[in-house]
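Going in written order, the chains are labelled A, B, C and D, and every chain counts its residues from 1.
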Amino acid sequence: MMPESFMDLAGVWIAALLSLCVFSFLFKDNILFKITEAIFVGVSVGYGIVLSWNAGLHPKVVVPFMEFIRNYHDKSRADFFWAAYMVVSLGIGVLYLSRFSPRQAWLSRFPMAYLMGIGIGIGMPLTIQSFIFEQMRATLIPIVVKTNGALDWAASLGNIALLAGVFSVLYYFFFSVKKSDPVSQTVSRVGIAYLMLGFGASFALTVMARISLLSARVQFLKDEWVEGTLRYFNLL
Amino acid sequence: MLGDVLTVWLQRCDAVVFDLDKLNVFVGLALVGAAIMLCVSHARRGGAVFIRAVPGLQAVDDALGRAAELGRPVVFTTGLYGVDDVATLAGLNILGHLASRSAHYDSDLMVPCANPVVMTVAQELVKERLTQAGYPERYRADNIYFITDEQFAYASAVCGLMQRERPAAAFYLGSFAAESLLLAEAGAGAGAIQVAGTADVSQIPFFIVACDYTLIGEELFAASAYLSRDALLLGSVKGQDMAKVLIMAALAAGVLLLCVDQLFGCHWGTWFASLFTVTEAL
Amino acid sequence: MLCIGCGIIMLLQFFVPLEFVQRDMLQWVNDSAIVVATFGLAIGLASLVHVHSTRIRRRARGWALSVVTLACATVVAVIGLLKSDWGPVVARSQRYDVLPNGVTAGVIEVTHTLFGYQTATVFTNTVTAAGVVPLQHRSVPMFDWFYNYIMYPLMSTVFALLAFYMMTAAYRAMRAKSWEAGLLLAAALIVLLGQVPVDQFVRLPAIDGVSLFEWLKLKILDYPNTAAKRSIIIGVALGGLATSIKILTGIEKPYLGGRG
Amino acid sequence: MMTLVLRWFDCNYRRVIYVLVVLCVLVPAFLTVRLRIKPAGATQGLYDAVEGIPAARRAAIAKLEAELTQSTNNHDKLTAHLQRLRMHTNGVLLISLDFDPSSAPELTPQAEIILRHAFMRGIPVVAVVVSTPVGAQLAQSIVDRAARETQGRYDIKLAGRDYVYLGYRPGYFNLILQMGEDISRAYATDYAGTPLHDLPMMQGIKNLNDIDLVAVVTGFVGVPETWIQVVKTKYNRPLGMGMTAVSVADYTPYLHSKQLVGLLPGMRGAAEYEMALDAPGAGTRGMLAQLASHVLIIVLIALGNALFFVQRRNRS
């Protein structure tokens, strides 16, 4: 890979040096990492501001609102409601600024409550639907499986193992039951066993993805930084 | 006659105000809600509720005490997400209880935030709790601050914070994504006692491996009840368990019906399973 | 109160089948949340500026870093918010795209503008005997350059630190201190062995057409992993619902400083 | 002496491990070793499907010709279809590169080797991105590079003639559904803005029926289901996939139920594919690093446990 222009070459060098500074943190916290961290935080905050304007507020609210004001005479009733709602939202948002005055700070609770209420309200039915119901439907499997009229041992045992796991883990999570008798203790333990096997497996499963990330960084340093620079100056 | 009227009426309703395809979700929500509210009202009338020990939470006091002894700060984070995320709200609830307890110790409670709204809620919460506990002067607004909402910029800033401030205890309670292990390993490197809890299934293994105590999934939501020992909150945990009993019963019934299907070739189980389908609007 | 009201309205809207409610109203609420959250961002920025400016004023340890942070944020924000035709061109370059057989396929012209938000690429296709040859004009705002050469490399490098941290975490904490930890360890080892082609180096029995460890890995993923995940998800959903109900009914009010 | 070393290691184990990890990843980056990996069934399935695209096209043409001679109804429609099929006698591959930079390290080698394979066999390629705007530029560079660096039936692979890159459009469910009916309804223009009817290659490709294999390389959950629903269930076209190692386990059932012709698991899938094609590349290099790191982590876990048990015995 060769940088296309001088700006790209400069960029690749900056990117490479910043990457090395981040890796230096592994050895020891040092001034280079501190500078990199400051740059990272700063740039990302700036980026966040630009994004929330250019990909959120501006196209979704400001542009339609301006358009509404310009052609308000041929707008439908729904559009009027929308505009009014936006003005109200603006009002709720402005209440946030009351935080800057110590005496009126309690007003800022309204926007917080408003955002929380919306989030919770939208979330509740979706939780039931996509978490509880979906998972329950997936768990509804028979413990006796027949294929072509004959008992399918492997499938049946597999289903039993799965169901035993789901029930015992659910039981492990019971909070208000005193689990002092040996039966419930055993069930809880089976639950923990399932949990631990599951966690160990997921941990190990992600190793590959993380190593690929590191490989990609190393590849970047080798291909684009070292080889790219050499190619740019026709040394390779 | 009455049936006809009802059907017509229901059909009309279907078109206007209520989506009958989603009736099952409504019933589910109502059942869970009823279970929780029943137990809460039972608790309000003075019914005692037992709640089992949650290992991570017993360590909270030790961790806070240790921080005070060493004169080092305590770091608390709720993760990347905003207040529309329930796990974040659960984390904030715990932050409230933690603030009440840490008030007696006078150790710095640092809350670096990745979401500005969470920051404002956290500030309000800690201030209120410290005032209730009688130490309003211990509230330092600068300790609860916004860093950035970018995942890895936030993670690197918190890693740096861990290395420089060397907190005695670190709490990660809320919603986390891939940054979970970055935070937890940086904290472990700084020698902090770490308590983590998240509802995000894919991040629990990392916390389990790297932290001293981990609240697994649902334990995060029960934590505020456990810490406060408040009767109403305990009641709601009981309600949660009741709802779980309902779900387990439904599962058991469904599995049995499906077995009957397999053995006798009928379709009761499939019908039962279809109760849990929701037609997705495309 | 507001919280309860909004919550219940949004909860009920889910069940109303009107197209207006299902599509437009959700959109509206989304827009409204964007407006309100923008003020939240303003508060967050105020907090950021306050923390850093206090540090700079007091000349606290590392105050120069605070200057760097604030400067970077300002520069990126200004560059991204201004329109691209307001500012000067920072750099201009031309490149001939040469194919492996030596034919010049086209000219790519790149300009870097100081201001602006998105890269604009204009293609002018010219048809020649060899087929379609693109002539490309690309205008890259510095904002985009910042993303490509500062933000993205930093994001992926910090993400890549996880490769190191996984190793240390595994070494430090994956020890068979108890039977639970032992199970976790065993599952992890089996899956690790199943992930890489071990059977190329060691002769292993094969089951169902895959090598032993891979078979074991699939079984662990199919049964314990799925069972654990499912129950956790169901539990978490219930816990979430309980917390939602507590907040909607005012048993817990985080925004009012807890109970009361 | 031994205790001294152990104590030193206990203090500095982090740095030692970090150096080892760097070695594990750095050394393979400079090596091109031919790993003796035997492609697993799932990988071989996708390889065979790509390899078999020209044959599948010939079969499809023959079947349609036979149908035309036998029946008379739908004559115009069938003739038009046959004409389109005859324009690309080598068949057509549709590839979707649905990943963003975070999963790109694992998935780029997969996409690259599938593209190279197609280009080597002279199979025209339609490339799309359906689920992430961020990935559009990335995907373009992958497709362009594969085209530039592959020597195939034609010396040079040209955009518009040998491959078409359509870019990203929002709303993936409807997008995929529309592609089944008419690709030009889903994508009016290609990524560069040229209308599809101006592209020579697209004359012979109207919808999914003119495509012999759909390959989806994706790092998102939910997107594969949609592809399966539309491509397999609705239009019954062959479908293969490439995924990150993490999400593969969730989709193996589709492989067993024969809804997918093949499934590449992460970096390993790419390496196996490269071996099947006998063209070691990024996947093989990556796999070498994976192998080394997996061995390292296993050794570290073993070492940690050994030290733990030794310490415990010493104490008791």
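By our rule, contacts are C-beta pairs under 8 Å (C-beta built on N, C-alpha and C of every residue); 3 or more make two chains touch, one makes a residue touch a chain.
All figures in this text were calculated on a predicted structure; none of them were measured in a lab.
Enquirer: More contacting C-beta pairs: A-C or B-C?
Expert: When the contacts at B-C and A-C are counted, A-C has more.
Enquirer: Of all chains present, which has the mean Cα position farthest from that of chain B?
Expert: Following the centroid criterion, the farthest chain would be D.
Enquirer: Whole-Å distance, chain B centre to chain C centre, using C-alpha means?
Expert: Here chain B and chain C have centroids separated by 22 Å.
Enquirer: As a quick test, compute the distance in whole Å between the mean CA positions of chain A and chain C.
Expert: It comes to 6 Å between the two C-alpha centres.
Enquirer: Could you work out how far the Cα centre of chain A sits from that of chain B, in whole Å?
Expert: Spacing between the chain centres: roughly 16 Å.
Enquirer: Using mean C-alpha positions as chain centres, tell me how far chain A is from chain D in Å, no decimals.
Expert: 24
Enquirer: Quick check: what residues of chain A touch more than one other chain, meaning two or more?
Expert: In chain A, 22, 25-26, 34, 36-37, 40-41, 43-45, 47-48, 96, 99, 108-109, 112, 115-116, 118, 120, 122-125, 127-128, 132, 136, 139, 163, 166, 170, 173, 195, 199-200, 202-203, 205-208, 211, 213-214, 216 touch at least two other chains.
Enquirer: Using the touch definition from the top, which residues of chain C touch two or more other chains?
Expert: In chain C, 11, 14-15, 33, 37, 40-43, 45, 48, 151-152, 154-156, 158-159, 161-164, 166, 168, 170, 172, 174, 184-185, 188-189, 192, 195, 221-222, 225, 229, 232-236, 238, 240-241, 244, 247, 254-256 touch at least two other chains.
Enquirer: Name the residues of chain D that each touch 2 or more other chains.
Expert: Touching at least two other chains: 14, 18, 21, 25, 102, 245, 249, 268, 290, 293-294, 297.
Enquirer: Going by the contact rule at the top, pick out the chain B residues touching chain A in the complex.
Expert: Within the complex, chain B touches chain A at residues 22, 24-26, 28-29, 32, 49-52, 54, 82-86, 89, 117, 120-121, 124, 147-150, 152-153, 156-157, 159-160, 163-164, 202, 204-206, 208-209, 216-219, 222, 234, 237-238, 240-241, 244, 247-248, 250-251, 254-255, 258-259, 261-263, 269, 272-273, 276-278.
Enquirer: Under the definition above, what is the set of chain D residues touching chain A in their complex?
Expert: Those in contact with chain A are residues 14-15, 18, 21, 24-26, 28-30, 102-106, 244-246, 249, 266-268, 282, 286, 289-290, 293-294, 297.
Enquirer: Once bound in the complex, which stretches of chain B touch chain C?
Expert: Touch list, chain B to chain C: 14-19, 21-22, 25-26, 29, 32-33, 36-37, 40, 82, 84, 86-87, 89-90, 92-93, 96-97, 113, 115-117, 119-121, 124-125, 127-129, 131-132, 142, 145-153, 155-156, 178, 181-182, 184-185, 188, 199, 201, 204, 206, 208-210, 216-218, 220-222, 224, 228, 230, 232-233, 236-237, 239-240, 243-244, 247, 281.
Enquirer: Using the touch definition up top, name the residues of chain A that touch chain D in the complex.
Expert: Chain A reaches chain D through residues 26-27, 205-209, 211-216, 218-219, 222.
Enquirer: Could you list, by residue number, the parts of chain D that touch chain C in their complex?
Expert: Going through chain D, the ones touching chain C are 13-14, 17-18, 20-21, 25, 35-38, 40-41, 101-102, 148-149, 151, 155-156, 158-161, 192-194, 245, 249, 252, 268, 290-291, 293-298, 300-301, 303-305, 308.
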